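For reference, the structures are reproduced in the following blocks.
Shared chain: chain A. Partners: chain B in the first complex, chain C in the second.
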Partner chain A sequence: MTAGAGTRRGRAGVRTARGVPPASGDGANLLELRGLRTHFFTRDGTVKAVDGVTFEIGNGETIGVVGESGCGKSITAMSIMRLIERPGQIVAGNVVMHGRDLLKLSDEQMRDVRGNQISMIFQEPMTSLNPVYTCGDQIAEAVQLHEGVSRRQAWSRAVEMLQQVGIPDAKRRAGEFPHQMSGGMRQRVMIAMALSTNPELLIADEPTTALDVTIQAQILELMKALRERNKMAIMLITHDLGVVAEMADQVVVMYAGKVVERSDVTTVFERPHHPYTEGLLRSIPRLGERRARLEVIRGVVPNPLNLPTGCLFKRRCPYRMPICDTAPPFQEVRPGQYSRCWLTPEHEPPTVGLSPAPEVAEEEAERLTVAPR
Partner chain B sequence: MARYVFRRTIQALPIFFGISVIVFMVIHLAPGSPVDRFRVPRVSPAQIQRLIELYGLDKPILQQYVSWVTTFVQVWRPEAWGYSFLDGQPVLEKVVTRAPATLRLMGTALAVTVLLAIPVGVLAAVKQYSWTDKIITTFATVGYAIPSFLLGIYILFFGGVVLPQWTGGRFGFPLFGMESFGKQGDVLDLAWHLVLPVTSLAIQQISGWARFMRSSMLEVLHQDYVRTAKAKGLPRGRVLGKHALRNALIPVVTLLGLSIPGLLGGAAITETIFSYPGLGSMFVESVGSRDYPVVLALTMLGGFTVVFGNLLADILYGVVDPRIKY
Partner chain C sequence: MERVELNREGLVLPATAPNVAADHEEIDRTPVRTYWQLARQRFVQHRLAVIALVVLVVLVALAYIVPLVTGPLFGRTNLAKIDAPATLEAPLGYDELGRNTAVRLMKATQTSLTIGFAAVLIIVGVGSLVGSIAGYMGGIVDNLLMRFVDIVLSLPVLFIILMIVALFGAGNVWVVIIAIGITGWTLAARLIRAEFLALREADFVQAARALGAGHRRIVLRHMLPAAMAPLVVAAALGVADSVITEAALSFLGFGISSPEASLGNMLTNAQEYFYSAPIRAVYPGLVLVLIVLCASFLGDGLRDALDPRQRIGK
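Coming up: the complex of A and B.
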């Protein structure tokens, strides 16, 4: 344990980055992730898919979780739902909701959270619905399970939900099978199913990735409308920064199982700090700009079985310095903006110099590191 | 649906024609002849010649085929399938008399198979790579690999010889037949005689089915909709029993139709080993004595079960999978 050493910047009630803080009961946050670690124990070695993820989701807030494929954003979501299967295992951390650590609930208690307090929709609407049951059946099933109502009531609730998500002729459509609907329709059905129990948090794992662009916009509009109506929080997982700009209040950028930047959406787009976030933003093609070729982040995501020491992004980073061989601090670069990088808030090399002794670098990282809020 | 069945039945006609030609030619091309068993010193060559003429075996093969096939299709006539060369009985009557015994054997074996193989296969899939799974998979592979005649003899030896010896003659299964003398019509006695042949027939079927069920369930367990069901908060039993099983059973339904001819084939060997008086043992006898009318009738029946087993599978597909409409 390294907590307690040195002074820490930040507001009152700052928690240590690596220590496990007590669950807060201030009511402002709906869900708090604290040092979540989900590892996969494969024959070739341990894959640290999620390695110390800490962030919180406020009541009614939409948080966008961004990152490349394999950065651990989906695994974070599955960990919150406790749907990780062997060889994966949640090895450390807390997922606190209403003062309860979801990771410590019994399986039965957790089932009551799933689909009731936290609902989830997935990337693939084409395969996420069971082909042998009608859409109405699948929605009514969730309602009946969590609300303890009769089959008939659950069914009329299902029809009502289908109307709410904008499916025309909902009464008839409820009796149809998933294969009789288009991809966009199916995603609407998934949303209807997820929202049928009035969850406080909706986890949407790339809900629009598999849909074509016009349908994408419709689904996002629908999610926005329902968010206002149901006053629910959304954890929106995506690799599409356009979707984030459209929907999110807060943004979490993940890279190789860690949060590398976290702030509100405006700051991320206007003044990104982490070089990875900068790279992501630069790789969005802009209308009217003539460029010989699209900007890309050079290199590839590191092999999860063989991660570099120190900063995980250093091999692809344009600002790489010798000090990057020591794990960078997670520092508050501006109020509310956190970045896992050695660069100072002004994007200058760290004050300890470019290549200090490892012990000095570690101490400096420790000094700078601050847990969000 | 009715139109589909009708169309498939019409489509089956050329298949039956093909089967009849091949079967007829093969049995006539095979060495040996129905009159061979009369070639003993007591029977004069002239008498044998008379038999050959009586059976019509001296006619050109095409003519023999035409005369056989034209009478064969007239199933409403008791003599349509000809008379057995062995005992002179009408073949149709012999088949009808013996069919219930085989249907009982096959039906019981199929029921036992379905009731055991599906849970066993599901269990192996749900507990993939566990000891339970390894034991099930090993037994299934061994059961699938062992030839049925060998398995039958082992089971006969164990149940009918070793077991009575161990228990001092108090407990053991009958060595042959389908009922005890003087107990005709006794249901318990019939069931008692079924135990060993059904075990022998079912072990192979269970092995195949359990392996198939396991892989089908494993595939379904990785589907997105199973994850959706879990994310809804459904208890594990409902996720597996409702969402996964129903989908995993769809391909298994095909097996139901396709396993019927397999069971019939297995019955031929099993019935012979257990001296069980059904169609299977009758078939083996008739082949041995080149009893052409019986061989032809039973082979055509076999072809019939293949074609209609397939049709049955396709119809059941439409019933269990809403994505398929006829």
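Coming up: the complex of A and C.
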């Protein structure tokens, strides 16, 4: 895999070659998050926005990160890019890419990773482009920044990128300002900018949320096409399960700063394990289905300053059991499917008893807490 | 995928070649207007700014060309012509020492404009440096710098300038420029800082960061251009302010003194003849008002013209 990256992009290859050998045994992963914790130290207390997130992104894989607003999806992405600002701070964990922990790099090295190896598309195409430069200028700048080519070369590259993302009459459009374009086109420009340096990983933070449904479909198609062509991995952050079904290979479901379920996309849709995932799936409206009301997940997301003890979802969970007062382990319920819930794989209450003494539950938790890898 | 290919084909078609493509591949031939073309169009819409620009250009041309041609004439006294009326070579008459008022007025305008523009360079330079550092870094740096600005603001400016000029040489143009510059940058710094505080959180700045841009690049390439509007306003106000301050200084006898000419010392001279020849105060006064007004209007127009978000309306 290192060799592959090396042939594709010389600089990254060289860097990997003299870097530390990959920390993990299997080299199939492009990026590994291990126990990432990002906390915000506010006046009212510590908000654990991301609290022990572990997952990995394979080469060329698309991973969908799903969850309600405020569950820590975007903060996870920002942490990977190390764009967290005060009062936020990454307090623990590793973000390993090509055997290097991104969190331990110098600012200088990190700047080189950003854009070069990992690019990011933001949610708001309307405000994510600099209003005082033309679109072509902005893409050309990204190219120049990382590849040290001439202004002219960078510009022709920018035009080429705009063609690639399907902007008609790219030569002309490159000379236009962001405000002269529609939302969908701006998002295309953002994508062109993010891809202009051939990143290995593209983080797309709700890339289609601000767009209407037709444009949304176009953008997703575009991302798929570019994914095939550039052989890059995508970390797709969204709360739209439809988008996940369309795009993702693997799904990570987050709730209140923790990963509650992780598996491949088919399993998540066919046999979700965690009650939260179930709830999310049930609250999708279906075409042609007559129902008085859409099903919802009862209750609200817990206040991050005052999280419940034990299972974070217990207040809203239809399966609530006494054991839920103890934090459930993140366990493999089926091969490749991990869930942070006490329910057995068959969705039965666990055998430890319906009201175990706290010590027993604690013990059980210890026993079941096997590191997911 | 298909669409991507299709567009690529559509683009390969040279715009000049007679193309037989279907309607949907038609190429839009309306020329794309460049940044400067757009800026000019926006500027032209500002009628007052255009007038101000014309007046300023005329003033600057007169102020820098006339003294060049006439040489030391502005200071030459002629006892035979004391208080002589206007003639063709002295359209504004002669003053109490027999000096050609028109030529002298031009030289005075030159001095004042030089001081105004040079001081504004210092004001904008120091102001944007301090303001952008404070706004970008935030936190304790911001706090320290802004408290320093508060201190400078709380000082009696005219007194400080008088002190500097008195210490380092009255009548020296450069001392006056530096004195005005280093006391006048606070407003610019505050405006730039406020803009930077907002811009720092802007999505496009985040995006630039996510693309791996360093601090210097973010500040210089992304934030400063976006903060152009307040900077231009600060500069316009700075020109007006500096010219007025210079006039005040010379009026008090600390700025530029005779035989050198400045609008301020011309006003001082005119003071004595306020009842006998009030028109003598009008000439430098009028030029002073014109410069200050034009600078403000021009600043307004430039601010709108340089902001690509501004629509070209009407």
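Methods note: the second predicted complex is superposed on the first by the 349 of 373 C-alpha atoms of A that agree within 3 Å, B and C clash if a C-alpha of one lies under 4 Å from a C-alpha of the other, contacts with A are read in each partner's own complex, and residues count from 1 in each chain.
Following the convention adopted for this analysis, a residue touches a chain if its C-beta (ideal position, glycine included) is under 8 Å from a C-beta of that chain, and two chains touch if they have at least 3 such contacts.
These figures come from a predicted structure and were not determined experimentally.
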Clash or fit (per the criteria above) of chain B with chain C on chain A: clash
Which superposed partner A:L145 touches (first chain B, second chain C, both, neither): both
Touching partner for A:A225 - first (chain B), second (chain C), both, neither: second
Touching partner for A:N198 - first (chain B), second (chain C), both, neither: neither
Which of chain B and chain C A:K171 touches, first, second, both or neither: second
Contacts of A:E124 with chain B and chain C, given as first, second, both or neither: both
Chain B versus chain C as contact partner of A:M81, first or second or both or neither: both
First, second, both or neither for A:S182, with chain B first and chain C second: neither
Partner with the higher number of touched chain A residues, chain C or chain B: C
Residues on chain A lying within both footprints (that of chain B and that of chain C): 81, 83, 111-116, 119-120, 122, 124, 127-133, 141-142, 145-146, 177, 179, 190, 193
Residues of chain C that touch chain A when the two form their complex: 1, 3-4, 7-8, 10-11, 15, 27-28, 32, 34-35, 139, 202-204, 206-214, 217, 221-222, 225-226, 228, 307-309
Of chain A, residues touching chain C in the complex: 81, 83, 86, 111-116, 119-120, 122, 124, 127-134, 141-142, 145-146, 163-172, 175-177, 179, 190, 193-194, 197, 218, 221-222, 224-225, 228
Chain A residues within the chain B interface of the complex: 81, 83, 111-116, 119-120, 122, 124, 127-133, 141-142, 145-146, 177, 179, 190, 193
Of all residues in chain B, those that touch chain A in their complex: 223-225, 227-235, 243, 246-247, 250, 320-323
